Amino acid sequence: MIKVGIVGATGYTGRELLRLLRQHPEVESLAILSARTGDKSETLPPPLGDTVHPFELDRLSGCAAVFLCTPHHMASQLVPQLLDRGITAIDLSADFRLKSATVYRQAYGVDHASPELLARAVYGLTEFAREELPGARLVANPGCYPTSILLALKPLLNTRALDRSFPIVCDSKSGVSGAGKQPTETTHFGNVHENFKAYGVGSHRHLPEIRQESGVSDLVFTPHLLPVFRGILSTLYVRPAAGHSAASLRTILAERYAREPFVQVCPEGQFPETGHVLLTNRCALGVGACGDLVILVSAIDNLVKGASGQAVQNLNAVFGFPEVAGLR
Amino acid sequence: MIKVGIVGATGYTGRELLRLLRQHPEVESLAILSARTGDKSETLPPPLGDTVHPFELDRLSGCAAVFLCTPHHMASQLVPQLLDRGITAIDLSADFRLKSATVYRQAYGVDHASPELLARAVYGLTEFAREELPGARLVANPGCYPTSILLALKPLLNTRALDRSFPIVCDSKSGVSGAGKQPTETTHFGNVHENFKAYGVGSHRHLPEIRQESGVSDLVFTPHLLPVFRGILSTLYVRPAAGHSAASLRTILAERYAREPFVQVCPEGQFPETGHVLLTNRCALGVGACGDLVILVSAIDNLVKGASGQAVQNLNAVFGFPEVAGLR
Amino acid sequence: MIKVGIVGATGYTGRELLRLLRQHPEVESLAILSARTGDKSETLPPPLGDTVHPFELDRLSGCAAVFLCTPHHMASQLVPQLLDRGITAIDLSADFRLKSATVYRQAYGVDHASPELLARAVYGLTEFAREELPGARLVANPGCYPTSILLALKPLLNTRALDRSFPIVCDSKSGVSGAGKQPTETTHFGNVHENFKAYGVGSHRHLPEIRQESGVSDLVFTPHLLPVFRGILSTLYVRPAAGHSAASLRTILAERYAREPFVQVCPEGQFPETGHVLLTNRCALGVGACGDLVILVSAIDNLVKGASGQAVQNLNAVFGFPEVAGLR
Amino acid sequence: MIKVGIVGATGYTGRELLRLLRQHPEVESLAILSARTGDKSETLPPPLGDTVHPFELDRLSGCAAVFLCTPHHMASQLVPQLLDRGITAIDLSADFRLKSATVYRQAYGVDHASPELLARAVYGLTEFAREELPGARLVANPGCYPTSILLALKPLLNTRALDRSFPIVCDSKSGVSGAGKQPTETTHFGNVHENFKAYGVGSHRHLPEIRQESGVSDLVFTPHLLPVFRGILSTLYVRPAAGHSAASLRTILAERYAREPFVQVCPEGQFPETGHVLLTNRCALGVGACGDLVILVSAIDNLVKGASGQAVQNLNAVFGFPEVAGLR
């Protein structure tokens, strides 16, 4: 039984963590903090109802791990202080996902606050980081889009089942919660409801992360905004390597994930829907074909497997808890 | 001033035609029929309120043109009877879009009822059929997905601006009205709301139509179902030919459509949203880049430019009316 | 043919006015202004695309009428300047709806800027203001909720068909566009979608307006926020006077509105839906019974009959144009 | 630890029961049956994935309790067979809610199949049935609308805090899941999305149930259909008895529910939203005033506290389990 902290508990990923951690059998107490210092506490709306305290480092004393649900550039300032106190940091922001401080600056427009720590961070796509996670001190929780894409691609890349002369096209669609709880033009009901659009075409910050973790430098990625609150569906277009087909790619995925509790591969002819994974830590994958391309469809709940659920999964892996603890 | 008929006026495309034709300056009267014979008339829900009469051929006498909003396989049975009476048929079903009766049977699972007429049908993607439409007797109104895709592709294919060794990937997303007004599992609110999915992966009936009209036999197409009522957004991934770039492709599109009233090309950095074209006959196009691919985004209202609006545009072209009549 | 101005054209009601006035047969030119002074023009999003100029009084010269789509307290400062120049003001804000400056201050928390003009303003519930509107110089366009409620109540009150010992209960539900286009917590997609709530219970600013115009001082009103963009549905509970019934109340309404182009009464057993009046200037009314109360259901599009459509209807009445001009 | 059965597991309430019972600490095994006999099993869509077997009475052997999620008139035929085998029946249909077979026939249009059992059924509004539930053999689970209304009213009626000369007005709004999973015109996305309507005005089947259980024979009730999947919000208009006010009514409710785990009363000035209770067994109540009426707002998740959650709560009460078991 451990004490854990959440910094940035008022946002969507912070609240989702709260929902999950309160029923976690190994978590006995929680420090629930805002990302801002200041003198006012805040009460979360029902059904949570928790009190969120202003940020003070001392409130985190005794924590074995702290989840950072802060804006980027803030986590990289806090992490050294946590590490100094022997606290494991699980960072849900983008600050420790990219291995290169140069790429970070290009993508996020600011110098990284702790570039010397980049090499120490474990990229927490749990299913592919099991050797590095136990005992890790700094976990970079993957982005929502990268999670949906990498879970579909990595087994196929690792087995050289794809024709890499084809650039891999990733067409992704996300619910509005990915844009955060701040009221903006983007999140105004009148601009989302009965609407659909692409955004960040060719320039989204998750693109370098996906390229880094897949190792596919010419991968193409277009995000879109869905009029739903939760859910990401990514449709990937790949060309199978010689001797491969949709069927063999599906088999590779099915075998790779056969014993994974949170990744399922649909039978032939079936494809995942975002509604099938809502409020779960599951990633559902489907495989089809059109012409000589294979089409991979991947669905996750962006706030669970795409953020807070995977963060809890990473907590479990770091501390040796059953990986499904708190996630059923 | 002409009389026109609508067969199948109770469905979504039929009602949309009614909305448009009632304010059409060249249409003086309307025959509003169901696609079914039988003895009961039906009143359309507000705000339309029109009476829809059961189908009888005699009710169409005096019509210069008839719009067929019937299920596939029915239009091909009705068209010969219309042509015999000297009535121009504008078919919104799929029956006359494919040039090959064999391909038709593969896609629609039934023998074509009038294969001898296939060669006479004008494929009514209006912007590309202006020479054939004046005086045409049989117009095959394009499918909704094909319209959104072909308007983005054809100028680029015609100018050989694309590297055809790349298969062209079309990732399309449509509102629920494309599934028709019949209550089904697919259209149940509980299966659409807060959900998103791919469907017809590799096998959608619009695929052979898109391939035929683009001339790209290895084109790939995946439709998805959006939780909106109206609108299609297609995201296309193409590789420019040597010497071409996103900028030059945008220029080709902008020049091709400079004098078109219903197709607009967004400036660099801007992309269309379905909400921008709702209830209009417009197609909005955007051009971006990612890696060495160019990304084309195309937005239409599936019930207007993707169906009934384009049908009216075709009526105008057939009869020599101003092409925007009834569509402003 | 007249020139008209819109002040506050970037908001929802301003844009809706633009949509309507551009097809108005008696409006030959438009001055399209923001409510703010300053040096930058703004382009409205598609499909409108108009340029909105910063506010300058001189841009309104030559206008016969100006629509004010400004926040409250701003209209009352502008109106005297318009009247001085002989321009008719049609105010879509709340500034001239209440007859009492004291009540105005209670409801809006600010002293009225032109209390001397309150008595001159015509309350523009068009169907009940036809004698005062022709030639009027200052029209107070009714609030959206009051429009939906008063159209149902006034004929019944005027004929003494209601038992006034019962306080009249008005339970109203509105789409999000009523909250304006400003991004706020209230309008954030995440707080509207898959949610429903009452707000302003017992204290909404439209309550004194409804009481004033109905003359029912103990009328009760609760607004709610619907997860739709447009539409208001009000459900009213009244007790019929002795000798009256649902049937007789329906007859009173049907007769009163028999020749009105924009108000329709549903037959027995049918009730209006907001979807039936969207994008129209119609108000649809239904009458039912439960126990000894009669239930009136009223549906309008809050941006059309509840705001900009009724404002155009008032323009028509002021200038003697056909009342339906621009509204079909 | 007991075995329980679900008859009608493919519908919305059946699936919700599955979701709840699978994490119930006192339920060790489940019989999951369809309401129909026949030879085909069915697999529930993800994330449930359970197999639903065709109905056979033998599959229920060993069950201590069976939940009936069947259409009305079917439960009343099954219940005697369950009771004969010593199985407790918790009926989520309407069959045992009304005490009078005559009223049942008027409301449901069919003769009751087991009128002799009506007197034995416990009306399972759990918070008000704690004395009768322990050991009960037949529980009539309340309707969704009645639950939302009665929880607000009963403490006020029981303390004579309401002026009964006023008829009590209940204006209720429900999500689409209340209409069931059958595809119909009512549940078609195109008829729900961006729409809102009243239905069953003066004639809804829950009206006699609400009147029976409140004892208020002149209570008025209008249901409406919200474009959401889950949630009911009821707005009630009552007149306080002499000496009472909104504040005193709020106090009565707050005291009555102070130790109830599933009913919360909002502080003054706050009102519940359906989004605050989604996926929980909670009922949230708010109290305000307008004129001399008091306005009660009640929010529940219609599939949880309005159906399956309350059914589990009743199971707990019948068998002496902690009332919150399986419902946290």
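Per-chain numbering from 1; labels A, B, C and D assigned in written order.
One rule holds in what follows: a contact is a pair of C-beta atoms (placed from the backbone, for glycine too) under 8 Å apart; a residue touches a chain by one contact, two chains touch by 3 or more.
The structure displayed is predicted, hence computed values, not measured ones.
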Chain pair with the higher count of C-beta pairs in contact (B-D, A-D): B-D
Centre-to-centre distance between chain D and chain C (centres being mean Cα positions), rounded to whole Å: 39
Averaged-CA centre spacing for the pair chain D and chain A, given as whole angstrom: 38
Centre distance in Å when chain B and chain D are each reduced to the mean of their C-alpha atoms: 46
Sites on chain D at which at least two other chains make contact: 193-194, 227-229, 272
Topology of the chain contact graph, where touching chains are joined (line, ring, star, complete, other): complete
Touching residues on chain B, where the partner in the complex is chain C: 23, 45-47, 193-194, 264, 272, 276-277, 279-280, 282, 284, 328
Chain D residues touching chain C - in the complex, by the definition given at the top: 167, 169, 171, 173, 191, 194-199, 201-202, 207, 218-222, 224, 226-231, 233, 235, 237, 271-275, 278, 286, 288-293, 295, 297
Footprint of chain A on chain C - complex, ascending: 12, 176-177, 181, 183-185, 187-190, 192-194, 227-229
